[in-house]
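These are the structures, in structure tokens.
Okay, so subunit A shows up in both of these, paired with subunit B first and subunit C after.
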Partner chain A sequence: MSTRARDILVPLACLAVLALVPLVATESYTRHLFIIAFIYGIIASNWNLSLGHCGVFNFGHLTFFGVGVYTAAIAAKTFGINPWIAIWLGGVTAAFAAFLIATPVARLKGIYVVLVTFAFSQLAMQLVLSQSQITGGAEGMVRIPFMRIGDYSFVRDYKLGYYYVGLGLLVLSTLFLLAVINSPFGKSLKAVRDAEDYAESRGISVSTQRILVLVLSAVFTGVAGGFYAIYLRVASPEVFGFGTLALALSMVLIGGTGTTYGPIAAALALTFATESLAGIRGLEEARFIIVAVAMILVLRLAPGGLLGLLNRLKI
Partner chain B sequence: MIETLLAALVSGLVLGSLYALMASGLSVVWTTLGVFNFAHGALMMVGAFVAWTVSEAAGLGLLTGIAAGTLVAALLGVLIERLLVRPFYGHRSMLLITVMTTLAAMIILEKGAQIIWGARLKQLPRLIDGEVSILGATISAHEAVLVGLAPLILFAIWRFTLKTRTGRSLRAVGQNQNSAALIGIDVPVAFAIAFGLSAALAGLTGALLGSIRFITPVMGAEPLVKAMIVVIFGGLGSLGATAGAAYLIGLIEALLIVWLGLYWTPFVLFLMMIIVLVFRPNGIFGGKE
Partner chain C sequence: MSEPALSITGACKTFGGLKAVDDVSFRVNSGEIFGIAGPNGSGKSTLFNLMTGIPYGPSAGEVHFDGRRIDRWPAHRIARAGLCRTFQKDAEFPELSADETLQISAVYNGGQRRRDAADNVDKALTLVDFDPDRRTMRSDELSVYEKKQLMIASALVSNPSVLMLDEPASGLTKPEIEKLDALLIAVNRTGVTILLIEHVLSLLLSVSERLMVLNYGQILAEGDPQTVVKNPAVIEAYLGGRG
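Let's look at the complex of A and B:
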């Protein structure tokens, strides 16, 4: 099989399998895990756009997700906007938040990028906690309106509707990422990552590319956040915490930075792994330790991620 | 009005002392190894829990507890350097990788502490009971000890890096590893010392803070974020600039709390940080890199 055929056929086969999963997984818990995995897949693969493809040390990626969560929650619950529209508003505000933070970050180098983006996520959490009359503060927001078409509620049929909305968003996000990465703009991102000075000498504006890549990586992350809020019907400040950050980061690392499908595959694998660990008594907290150890081992033994390792072995 | 202002100044001094101790530890590791230790706040938390276990649960006294907390944190720091930092030395994207490995260390320490000590709030007794009046503003004697101790410790670190052979070897390694190795400095040992010293500082800070705030698995997160703001203001390069920025931020924060209240203060601090960075990417006191 040629590489080109493999790059198209393998993902399509995976998609076909995922589309048929609800036939086998008929109860709502397994479907729930898949939906959460799709959401994490969107977060991780979009984070990979800035971190892996452009080399921006953005540690505030979950902020974009959180902005999406709260935008959709407030839009749907406080303003009564249709949830179908509310989740896309999450993408808009997340992109705007990304633009706000990207402007100062684009001028910075090395560790200062990490510090500022990280501090930004902490600030967003502070803001959510302090504006409790709007956001519900530490308790968060509950009973957010759910999705429906006509009289059909998406909560029915063991979450069948939500499963396909989640999968559909993952597909859209992936097509979007592929289009960005394969465009001339995507190639200039790699140039900025691998040879900053040379890229600059060829007329690529490093700071403009950094701003653009952060904004683009925020769009579907925010939409995923909006969907998360509508699906779970809850918005809590936990989304800004270290736990979610570490889980998403481990998906990027284990899946392989700079690959397109790696983080999505890792998101599926890790969601099921951590959820099944959570079911074992006494491991509810320890599962985060296991994920952290796995992250260290991957960095140590397979820096390209597990998918990168497979590619190198020509499997 | 004057009284409120004086009270704010004194509470700013307490905050500044705390941030100075935290941020100087980060600075020691950064100047020697070029690594930003995300687990620094978690090491602080471990210091507080160990101090509590030795002093309260085992009943061996507060001073023994503080010493034990400092020692355990130092040992953990050396362990983190050995296992999570050293394997990546000389790697092309070492800065990013060590951010991620120390972040993983932070998760392991926080969740580990939650499993070992549980989520129930704990607190240490105070070193000295009673209150002290400074400029008409009253703080607890324990906070006064913290305020008095911080400059002494900072002075000691400064003398150590300037005057002792070991301290100078740390600076030499920070400037040029290869040259340092050529003149007979054991580079790995220097790394271990820098990490151990920094972690000991974190542990001591945690043990002292455990009498003022509640000891919880996540108690290190907020001081770490504040220490980050401090090093962004001051630049990571020199101990003096970091300490100066720590006191400045402490004072600004205390004044902002009086002026705007607790909720808006972090927001304004962050905005100030962004403005500083746009005009001085290496910090207010930082020179060119």
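Let's look at the complex of A and C:
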């Protein structure tokens, strides 16, 4: 099979399998795990756009997710906006937040990018905590309106509707990423990542590309945040926490930076792996240590991630 | 006298107490090949850097290109204006193929649409005689000479008016240098002005119409290449030590 055929057929086969999963997995819990994995898949693959493809060490990526969570929650609960629209508003506000953070970060390098973006995420969390009359503060927001289509309610179908909405968003996000990555803009991101001076000498503005990539990576991350809030009907400041950030980062690194499907595959694998480990006595708290060790091993033995390793081995 | 393609006036670059380029002024005429020579550390590459803004501009002095002062412009704007350079060390976008490297240069540097870019990519790669069978390979899998061809082609695809080449012959074999010689002449015949920094004097003397020699960041001699290389100060700088 040619590489091009493989790149098309394997993802399509995976999509077909995922589309059929609810026929086999009929109970809510398994479907819930898939939905969470889809959300993580969107977060990780979009983070990979800025981190893996452009080399921007953005440690504020989960902030875009959090902005999406609170935007959808406030829009749907406080302003009564239809949850279907509230989800997409999460993408709009996340992109705006990304523009705000990207402007000062675009000219920074290395550790300073990490520091500034992480500080921004902490700032966002403090903002949420301090504006409790709007955000619910430390207690967050609950009973956020759920999705429905006409009389069909998404809370009484054993998560079937949410499963397909989550999968649909993952597919849309992936198509969006493929369009970006395969465009001249996507190629220019790799140029900026690998040879900044050479890129500038070929008319590519490094700072502009960094701003654009951060904004683009925020769009579907914010949409995923919006979906997360509507699906769980909760918006909590925990989404800005280090635990979520570390898990999403491990998905990017284990799956493979610079690969399109690696972080998505890792999101599915790690979501189920951590959940399985949580069910084993004595490993409830150790599961994140195991993920961290796996991440270190992958970085040491296969720096391009597991999918990067498969690509190199031409498997 | 006609408007020069490029003029540098009183250019200086200092790093702390070190003056890497010290009050350098010269003009490059449209359509010529202008050679720059000098011992290691004489400020040749620093001069290229401050002219192109990559990675820094001059500490003092002015750079005029095509009648416009450009020394305060960002580097990508200078490149888009038509002042394109290559690098002494192998510069490449390792994951991109030759086709992809030229495509982004055509789109971003040349402001071309994707469809037009494809035609210009073909033309540029043909001009530098790049092996068609290797156009889709990753750049980091190419040979040294192919990387040099690619770096020159990626500049030419955006139709620059001035091409600045920083030691393009370094690391090449003698037959490859001969091919490079012919390539530079061919590129120049298309109307592109060339500034050439080179240690391989045979190449420099073969193609240059005028030659400038730098030493300790200052101009030591400038003029007809055959006259310049016989200048006692130049011979002293190259052969007589640096004391």
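Going forward, the second predicted complex is superposed on the first by the 313 of 315 C-alpha atoms of A that agree within 3 Å, B and C clash if a C-alpha of one lies under 4 Å from a C-alpha of the other, contacts with A are read in each partner's own complex, and residues count from 1 in each chain.
Heads up, the rule we're going with is that a contact is a pair of C-beta atoms (placed from the backbone, for glycine too) under 8 Å apart; a residue touches a chain by one contact, two chains touch by 3 or more.
Nothing here was measured: the structure is a model prediction, and the numbers come from that model.
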First, second, both or neither for A:Glu275, with subunit B first and subunit C second: neither
Partner chain in contact with A:Phe118 - subunit B first, subunit C second, else both or neither: first
Contacts of A:Gly243 with subunit B and subunit C, given as first, second, both or neither: first
Subunit B versus subunit C as contact partner of A:Ser201, first or second or both or neither: second
Partner chain in contact with A:Pro184 - subunit B first, subunit C second, else both or neither: second
Partner, of subunit C and subunit B, that touches more residues belonging to subunit A: B
Partner chain(s) touched by A:Phe288 [first = subunit B, second = subunit C, both, neither]: first
Residue ranges of subunit A touching subunit B (in the complex, touch as defined): 57, 59, 104, 107-112, 114-116, 118-120, 122-123, 126-127, 129-130, 242-243, 245-246, 249, 253, 285-286, 288-289, 291-293, 295-296, 299-300, 303
Contact set on subunit A toward subunit C in their complex: 184, 187-188, 190-191, 194-195, 197-206, 258
List of subunit C residues in touch with subunit A within their complex: 52-55, 74-76, 79-80, 84-87, 91-96, 100-101, 103-105, 107-110, 114, 117, 154-155, 158
Complex contacts: residues of subunit B adjacent to subunit A: 30, 36, 84, 87-88, 95-97, 99-101, 103-108, 110-112, 114-115, 221, 225, 228-229, 231-232, 236, 263-264, 266-267, 270, 273-274, 277-278, 281, 289
